[in-house]
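Take a look at the following structure, please.
Labels A, B, C, D, E and F are assigned to the chains in the order they are written; within every chain, residues are numbered from 1.
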């Protein structure tokens, strides 16, 4: 008897209430296959995709410290999401659209039957784990701005707090049933606001609060291994199909449309960045091409499910040019050290993408969307601007407060000699290469 | 004994090695080095940043040989390493007091 | 009013006519999931797969220039395909099977409902984007032959013209409704003729027209990083499941059969190449094994959907031996500098694969195919030979003409001192490694 | 006539009897898409995933030799599996649950219709090729223990014999219809016993029989390139979704549940390993984090389809701690040279996972499973212990015998000077890097 | 002629180069080396193993110059490379008998 | 002062370092170099091509020390680096005129 009671208690502790295995009638196997693949693809974007993209750009002495940040976030946020993150983001709405309740803490009630509020043809846990991967990559994007100088312990504290206090609420606003930007009608197909603006703006704040690297603009800080960066860029492009086309939450026409828009915008932005660079510098660089393709992927993210291929091409081409200027002129002029251009690419690209969604969206592509300015809809742009302003302001303020508190309590930056020695040795007692 | 140190352009290494073998020099040690001199470097671009690279890849060849051979070695390297363009490099000659072959303990000329 | 008219015009410009979102009844979610995944896999083959496979084999000073060629093609052909390439390849037949019409320029009429002429259970755009990835990788394969010496600007001009004038028509001949080789009954499941013979033969012509690298056969030109090449080889194998099994255009028995044949031929060819090398050189090399597996994948490409596993094994084993000889004896004897063996592996392997399809095809595996010589069908081999001859001759002649014109107008090759300096610095002002 | 007879004979030789193309009614496209993707993902785990994970940890002079072992196994076992391995593993039961019969040699009878004994909604060949990838990776895991010193020729002989005599029978016991551990009711969702215990225990025996590397515990044997290892770790995590969630053999709730458990255990183990290391060494290392995540993936493998997310978290967290101690204390104390910790991570982690399945399994998650100790089932743990003991003992004994025979016949280890020179030059006449 | 060989901390290279250029030294050759000395190394951890690394990365700068300039060069390097912390490095001065410029065949001081 | 330059087989470095520490040599600088000599190289195969590699990896150890110690250093290196097989390497001894410790400005023996 006591044994049975114990096991019942454990059952209650360890298991979400409505977990039932097998395939309930409403689960569609093709949609589930696609969203599972997409979740895996978005994981691949963070580790090793983004980890490589970023780590190839730092100096050799920081290669592991940079990779470590992405990998550590994958682990930490995977746990955070299950314990409370998913509930704070997508749980039953509280405070009139501001935040999710704690009803789903520990995945209580998040089972294997579909939750039609979010996705009617895939298990609820499938939606949950797909969304988890977005929560993982968003703080990882920020790491580009404070690369090569942040204390690992402080980084961890910052990331957990940031995800909980900044990412989770913004995700709720935009994507949760009852979220206020969602109800306002602002469109964000796959995370332009939630992922790129929030991380990009926070990255700028972080770069300013933490300060420039020693030797910035005096010493050479050339990428130590562009082949690593290019492997990362390739994996990012590949994974982004999961990010954007997966956001259709099924293997349907909408997913195909988003897939095509994603590919087209990436290609167009890579070419426009390269073209501008060719004109400006006399030669196109491969880091430029890679930066351009990421800028295109960022910009098309909010728009992917609402625009046709030609719109995606124009939107992407503009993204390449805009981000080139932000990285090549704005940053050197204002002299902040956004080391790997997390703001320059994700922040600026994300804002352009959110605006462009307001211009290029077409209800003919996706009846669940709306018509943008170029297709006769005048209301959308305004909503998009509200979404941009709200998420940027909220991210900036909270990131600033968080960093200032952490700095006061435990310090944000490694000691001067540790920065010279590099993060690999000073934070992790390892060397990237022993050749 | 003399030590001849030559800084040459990397792609000339094969030619120099052949030239040295032809005059029966059968031992040498090479090191990858970077040289700064009159030869102009180049610019590299990485996103917003432009870096000037003025340390260029060179190969350093070290040959220790007898006084008699030293001049021949210098001439052989000079002939083989020359392109006539700036940056062809330098040859430095200095004295070596003793040489030992680790395997046998032989010293002096025997050890070369 | 004017605003409405403007928006209508924009609608017309930016959107394919029959785009409708949502999932029409006939779209199968499992098939769509599989073909979307396959399209992503074929993208991964080019970037970073092939980019790494090739770039590990060049000298350190050309690593970025080599990666850049594959990445640039991904961007350029993605745009070319949407603007006119898909229409030239798969648009309504013109000139009695020679070329597609321009009706689908800008994806006009290429929507989200299935086009049963090509694939009855997936959105038409899904077929389009899957085919796009083939058009991307084909010119990228050619780059192996002129590696380490071609001017980047000339390379771009060549690639756009080659894809339009060589790839697109040949794709039409073989795969389009009404294409003359298609109607003849020549079999090419996933692109032996269209992809590998066309690129391989063009590669040989390019190697001859451009000439040998400085120092070829005198200096050491050992691969600068075989680990890069091996990452590439692994990604190629992985991605090739999308290439071959994806060509079933659905997640069905045929896809499974092609998947098994692909894996088996790759394994058999890797082993046979290694075995021959072991006998010939005294040791098996890992670059040999990797070359062999690619040779097997190439050879099984046209056959994948028509042969059983034991046939695939024999076909693959022969491919490893044949390509070993072409690379180890034919090339040194004839003294052309096909730097990374684009002809030796893709051209020769592709021709063997096309012939082998005529030998090993079995209507018992795929009733939509035909019986090859070993299964009692005597007609197929002849048709295969016609397809080989036509595509090889067409590719050779047009590649020759294109290269000669470009050479006259803008030069094909970098200046002598730029070749010594390397493509990375001379064409892109970047270094691969700053260690 | 003779021609027809010949073709009939060839048909018999080359083709499984029941191969029919097309999609039979019972094949589900979504399930097939998911299992095909999963098969490709498990292939990616071996090559390049595991190849990179391992090769980054060895010294530079052995990078190719290490990659080669994984790639060669992919090729060899792909062929072995088709010729006889699948039949020995999954063929009609013989000897009362000990081994499969030879009825399916050469895939005779293994066609494109589902075999409901194994998977009712996907083609039989789809199941076959998915299982192939498990047979490929298992011997590849062992290579970590004898890294940097085994003769390539002996390695090949050992691998073929080991797969046939050790892996294939154990796979039969656990997964085949009629297998004795299967009938006993021992649970192994995705290969804790079959893959990790068998390979891990064999790895320990191999390390002991082959002996320590020259200079072990005296010279520095630091990993030559941790970025390679991290790329591998990322691909392993990504691919493991195919390994574990693919083992549901369909895109259904069970697959989703296994996907979530897999991700959660990996994250928890990476964090617990890092935490223990932080306490013990003063700093968390990235190789530690990567080792921890693999330990978590190993441990959750047998449990993935039977446990909820919170159970997976606890199981994973324990795995990180247990494997940390086995690697950091047990190995140095006992002084065996399990070079890349194949036993310390896969053997120890696999045993813990099998036990943990007996503790955390819940019939509420998977009615086809059973309740573990913590959920009121007292019988399961005992069965799990029997499965562990049987597979460990069988693997140990046969591995020992095999290695001793091979040693006597052809020698296991490279010559002393070849070990100093490295496997790349001595076994393959190639250098990894020519920079 | 003298050869000045200085072993310095890598991050001081730019400063030293500048200091040398200021006294009109326009040729030098650098090599990545590893130094063992009083400066403590560090431990690295790789799974179970702890390795002590006591060869630390250093840069070796070689300048061949005239006797007159030699002292200036030494002083310039000293001033620029100094941090005051252990491990700043050493400067060695030795004799060079001859120098040749490969491009022109010039010898002696002309060749520097 | 003397400079002792030894070219040794890479896997002997640890032994040599220990041998030098035992005779109280506490400073040295090492460089990765490639050596050409009597020791036969090897062939490498890359697809169709066969390359002969006859520059083999070696380590160069440089120790600057007093005249008195020089012989001891040579002997210590010889004993520790010897395998008795071709390719064990060479030791070269030459004169150094001055040494400076950058950190303190000490000169001559003090600086070693």
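Here, contacts are C-beta pairs under 8 Å (C-beta built on N, C-alpha and C of every residue); 3 or more make two chains touch, one makes a residue touch a chain.
In this text, all values refer to a predicted model and were calculated from it rather than measured experimentally.
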*Can you give the shortest number of steps from subunit C to subunit F, where adjacent chains in the path must touch?*
1
*If you walk from chain to touching chain, how few steps can bring you from subunit A to subunit D?*
1
*Which neighbours does subunit D have in common with subunit E?*
A, F
*Among D-E, D-F or A-E, whose interface repeats C-F's (more than half the contact pairs identical)?*
D-E
*Higher C-beta contact count, E-F or A-C?*
A-C
*Measure off the straight-line distance from the CA centroid of subunit B to the CA centroid of subunit C, and report it in whole Å.*
46
*Averaging only over C-alpha atoms, locate the centres of subunit B and subunit F and give their separation in whole Å.*
18
*Taking each chain's centre as its mean C-alpha position, how far apart are subunit A and subunit B in Å?*
52
_Where subunit F touches two or more other chains, by residue_ = 31, 44-46, 53, 94-95
*Which residue numbers or ranges of subunit D touch two or more of the other chains?*
28-31, 33-34, 37, 220, 222-223, 225, 231, 251, 281, 283, 285, 287, 429-431, 433
*asked:* If we use the touch criterion from the header, which chain pairs count as touching?
replied: A-B, A-C, A-D, A-E, B-C, B-E, B-F, C-D, C-F, D-E, D-F, E-F
_Under the definition above, what is the set of subunit F residues touching subunit B in their complex?_
2, 6-8, 31-38, 55, 58, 60, 74, 77-78, 81-95
*Can you list the residues on subunit F that touch subunit D in the complex?*
11, 14, 42-46, 53
*Of all residues in subunit E, which touch subunit D in the complex?*
44-49, 51, 53
*What residues of subunit D sit close enough to touch subunit C in their complex?*
3-4, 6-8, 10-11, 13-16, 19-24, 27-34, 36-37, 39-40, 43-44, 47-49, 51-52, 55, 63-64, 67-68, 71-72, 74-76, 78-79, 82, 106-107, 112-113, 122-123, 125-126, 128-129, 132, 152, 225, 228, 231, 251, 427-435
*Which subunit F residues qualify as touching subunit E in the complex?*
3, 17, 26-31, 64, 94-103, 105, 111
